[in-house]
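In what follows, a structure is listed as structure tokens, so that the remarks can point back to it.
The letters A, B and C name the chains in turn, as written, and every chain counts its residues from 1.
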Amino acid sequence: MSSQTATHSGERGHFPARGLRPRAGTDRVYNFFLRLVAAIFAAIVVLFVWSVVHQSLPAWSRYGLTFLTGTNWAPADEIFGAAPLILATLITTGVALLFAVPVGIGAALTLTFIVPPRISHPLRSIIELLAAVPSVVYGLWGLSIIVPWMSHTVQPWLANVTDSQGIFSGLQVGLGLPTASLVLGIMVLPTVVAVSRDVFANVPRDQIEGALSLGATQSQVLRKVVLPHARFGVLGAVSLATGRALGETVAVAMVIGQSPAMPHSFFSLGSTLASTIAGQYIDSSQLHLAALGACAVILMVLTAVVNFLARLLVRRTAGGQ
Amino acid sequence: MKKTLRGTLGSAAAVLGLAASIAAPVGAATVKVDPILTNDTKISATATVASAGATFDTPFFSAAFPVYSARNSKATVGAYGAGGSGAGQAAIMQNTVNFAASDVPMTAADIAAKSYPTKGTIDDYVQVPVALGGVAVAFHNSEITGNKLYKSNGFNVTSEILAKIYTGAITKWNDTALCAANPKWLKTVNKKKVCALPDHAIVVNARSDSSGTTYIFTDYLHAAQPTIFTAAAAKTTLVTSGNGFIGGSGNQGVAANLENTDYSIGYVEYSYVLLNKTLDAANVVNAAGKSVAISPTSIAAAAATKPTISATNFSIVNATGATSYPISGYSWVMLRKDQSNSKATSLAEAELTVKLVDWLAHSAPKNSGLTFGQDIAAAQGYVALPTQAQTAARNGLKTVTYSGAVVLK
Amino acid sequence: MVERRRTVHDIASRKLRGRKIRSSIYIGFIVSAIVVALIPLGFIVVALLVKGAHVISATFLTATPVQPTLFDQDNIGGIGNAIVGSLVVDGIAALMAVPMGVVIGLYLSERSTRTATILRSVSEIMTGLPSILFGVFSYIYIVTWMRGYSAFAASVALALLMTPVISKAAETALRDVPLSLKEAGLALGARQSTVTLKVILPYAFPGVFTGVLLALARAVGETAPLLFVIGASIIYDWNPAHPSTAMPLMIFNYAGSFYESQQAAAWGVALTLVVIVFALNLAARFVAARMRREQY
């Protein structure tokens, strides 16, 4: 994430160098070399996609689409239905975003428009650094601090308040979907802040000043000028965070309970697509490996689509300026 | 409970004196040391060995290899690749390791399932026992362990209870079956017998990864309760969508989950309950109907009921005998019978492989001041192999040859 | 901003007090977001320092791990081999990813063909794929081919992760090279390759270097792609064909250990790793900032 920040925040592209091809063909070896490396990279990407798809084929041919809809993941009986994994992936990502998006956008607005630079600048740097903290560290923190806090404080309190009714029934083990969602939310928060701050910083000054001079309050400026102008960019930031949350592996594996149950309560344990691959890949039978390969394919498609949308949205904002 | 377990181990600790023994073979003059093992580190040239396999053996091998390396400047014992039994089997079939470890001996079917050109047949391998261990039924229930009834009586489970818990038929701590196994908890209230065990759901823990511990545990459940636990022994995870078990990665994962979760039950390798302050091991009622605590003695007793083990007849779960702990099992090392057709590229490498495994599978003679593999295993919470198993390992290793000549002389 | 606010307030008539209050509430909400954001993030940093700092010592950073025993639970040795492992794995990954990434960056910056557009999109999507997928790829090809776990297999997975990050940074930096410089070189009769090597790459070097540092910072903290390709090792081992270990993997393993000494050590490894990651990031910023100063 910080790579984007570092490379985009400079005044970019003041030399319209796109498509520069001076005297193409004058240097055959050079051009051949460039093409060769590009072709090698393309081949590796194709090989990469193919390897995962190929590994998953036995699972698709055996289970077909019931692999996606089946609600039972029972490796010992060679029954593989990925619905609980897909659901856990979507739920943890969704809840994480519910936390990270409003907080992240609010923080980004604050950093860009409200606090003076001598405060916002160091804060921004800190948050961007936190985006670089390895996910296993978030997992360690979740496992040794959040999990005990959840099981000893939050969950008993929730059960007490709600009298263990409805979605607040069930075991209070600290691990599970809410803990994983919280850790994920905190993890992707710096991403949301950093990317949307860059987007906000690109909102044209004259529009903001124009609105202010017409008597708009600060909040009106933010709501009526800044947010509409930055909406695609913010959506892009959200999509990037979504992609990261969908595919996060170790931090989730450490706190989710690694139990592929269908989510039924607020305290449910779960296992996401990525955490299941991480937990079960070693020392598995052929069909089990194929099923995990199929999970990898689903994950690949999900994240590729989300990322593609993200790039599209970010580019659209950039193009609109 | 815990005190007695620790006490049993204490004596093993006294014998050990691990670090000191590496440096000085004290008093060796008065004790007759096995002639082969006296030469255990004598190899003809410098050599390096590689190994991989079951995570069950990781603490043992991680502690033992540096000790062995320190005994001999010619020998380099590479780190153990703990990738699981299946990975170990694949590695030995492909000749990428000198020996591999597995919780379950390799079978002809395992070899048939693979397509490696170097795999050979089951007769091309020697498989010897290298560790003996037990699977503890660990539980975390502060309400039970905090009660004085527990201090005096412990907590008992039967194979039927375990099989029912792991098939979802028993879901609460105050199930009548649990009270029947722990009759002291039956209280008479208003002239009615009431089960005073906690009225709380049981949080069931299992391994989320493929595991030899799961193999031994399911082997036991199926052997003791074939009609309730119908699935045959397997390493595959018991955690499924339907049963809501908590999955832990590795023994340590399960132990950590148990530690964090009150009212939970699970199964972990024996050593994992020794250290853990919040985990307690339940006594298991064995085939003779006696309630037995897990300990080196009771595991050894189970092993003693079946003196002759082989790679095709190795299961010691649900052992007979009043003092046998019923959830015990061996871990195995496999190597190539003909070392000329192995990873070994020199006689020294073959010698090192065989002698290292031989050393791993033996205890040092009493009062010799030496430390052999099985002494280190005991310090890691395994149980030293019974003498007969040590002999069986030696006999197996004596069939290993290099260029037609027997390696272990 | 401060002056501007005053202007607004001057212009706004007193009748608009209600509007101003509503605005303040809204702004209050927004400002509270940054507090909410900083609390958990602050907790992590504090936990790292409090739990990690006292673990770290010279021995911890240089010794190899010792398996604790029941009788000596506190002796866990150090993480020297994991630091070496990380160095080997990430170094080899960089050796593969940097040339590849830079050349692809060159290709993308020089061409605007359909192929280039597709390649750019593919490469950008690659940066967002879950890293565990690269581990699966490396397992299927490298682990099977090398018949065993190795540091090299981990390097391949990480190289796949780093290449698109580097190519993106390289492309951006190369595009920023003034057209006049390229044209001047070509006008003097230099070959395209000469201009690239002698003019364009040196000019864009700081930008490319920043990208490399950031890619390294990301790779050094990755755990998921290593899980089933690197194996295990407890000794110093510089041979990339051997099984190895790395710092993030050590955190993952120690975090769930039942030895309290290892759980505590996990924080020490985490702090060490975070310091390295931050150092790489700060170095990248430093280079980027200098570059900006020099160019403008």
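List of remarks:
Operating definition for what follows: contacts are C-beta pairs under 8 Å (C-beta built on N, C-alpha and C of every residue); 3 or more make two chains touch, one makes a residue touch a chain.
All values derive from a computational prediction rather than experimental measurement.
Taking each chain's centre as the mean of its C-alpha atoms, the one that lies farthest from the centre of chain C is B.
Of all chain pairs, the one linked by the largest number of contacting C-beta pairs is A-C.
Centre to centre, using the average C-alpha position, chain A and chain C are separated by 16 Å. Inter-chain centre distance (chain B to chain C, centres taken as mean C-alpha positions): 40 Å.
Of all residues in chain A, those that touch two or more other chains are 143, 282.
Listed for chain C are residues 228, 256, each touching two or more other chains. The set of chain B residues touching two or more other chains comprises 83, 87, 248-249, 253, 256. Residues 83-87, 113, 201, 203, 208-210, 231, 234-249, 253, 256-257, 260-261, 263-264 of chain B are the ones that touch chain A when the two sit in their complex. Those residues of chain A that touch chain B in the complex are listed here as 71-77, 79, 81, 84, 143, 147-148, 151, 171, 173-175, 253, 257-262, 269, 271, 279-280, 282-286, 288. The part of chain C that touches chain B in the complex is made up of residues 65-67, 69-73, 147-149, 228, 231-235, 237, 242-243, 256-259. If you check the complex, the residues on chain B that touch chain C are 9, 13, 16, 18, 50, 52, 58-59, 62-63, 65-66, 78-83, 87, 91, 94, 96-97, 248-253, 255-256, 259, 271-272, 274-276, 376, 379-381. Residues 2-3, 6-8, 10-13, 15-23, 26-27, 29-31, 33-35, 37-38, 40-42, 44-45, 47-48, 51-52, 55, 102-107, 109-111, 113-116, 123, 125-130, 132-141, 143-145, 186, 189-190, 193, 209, 212-213, 215-220, 222-223, 240, 243-244, 246-250, 254, 274, 277-278, 281-282, 293, 296, 299-300, 303-304, 306-308, 310-311 of chain A touch chain C in their complex.
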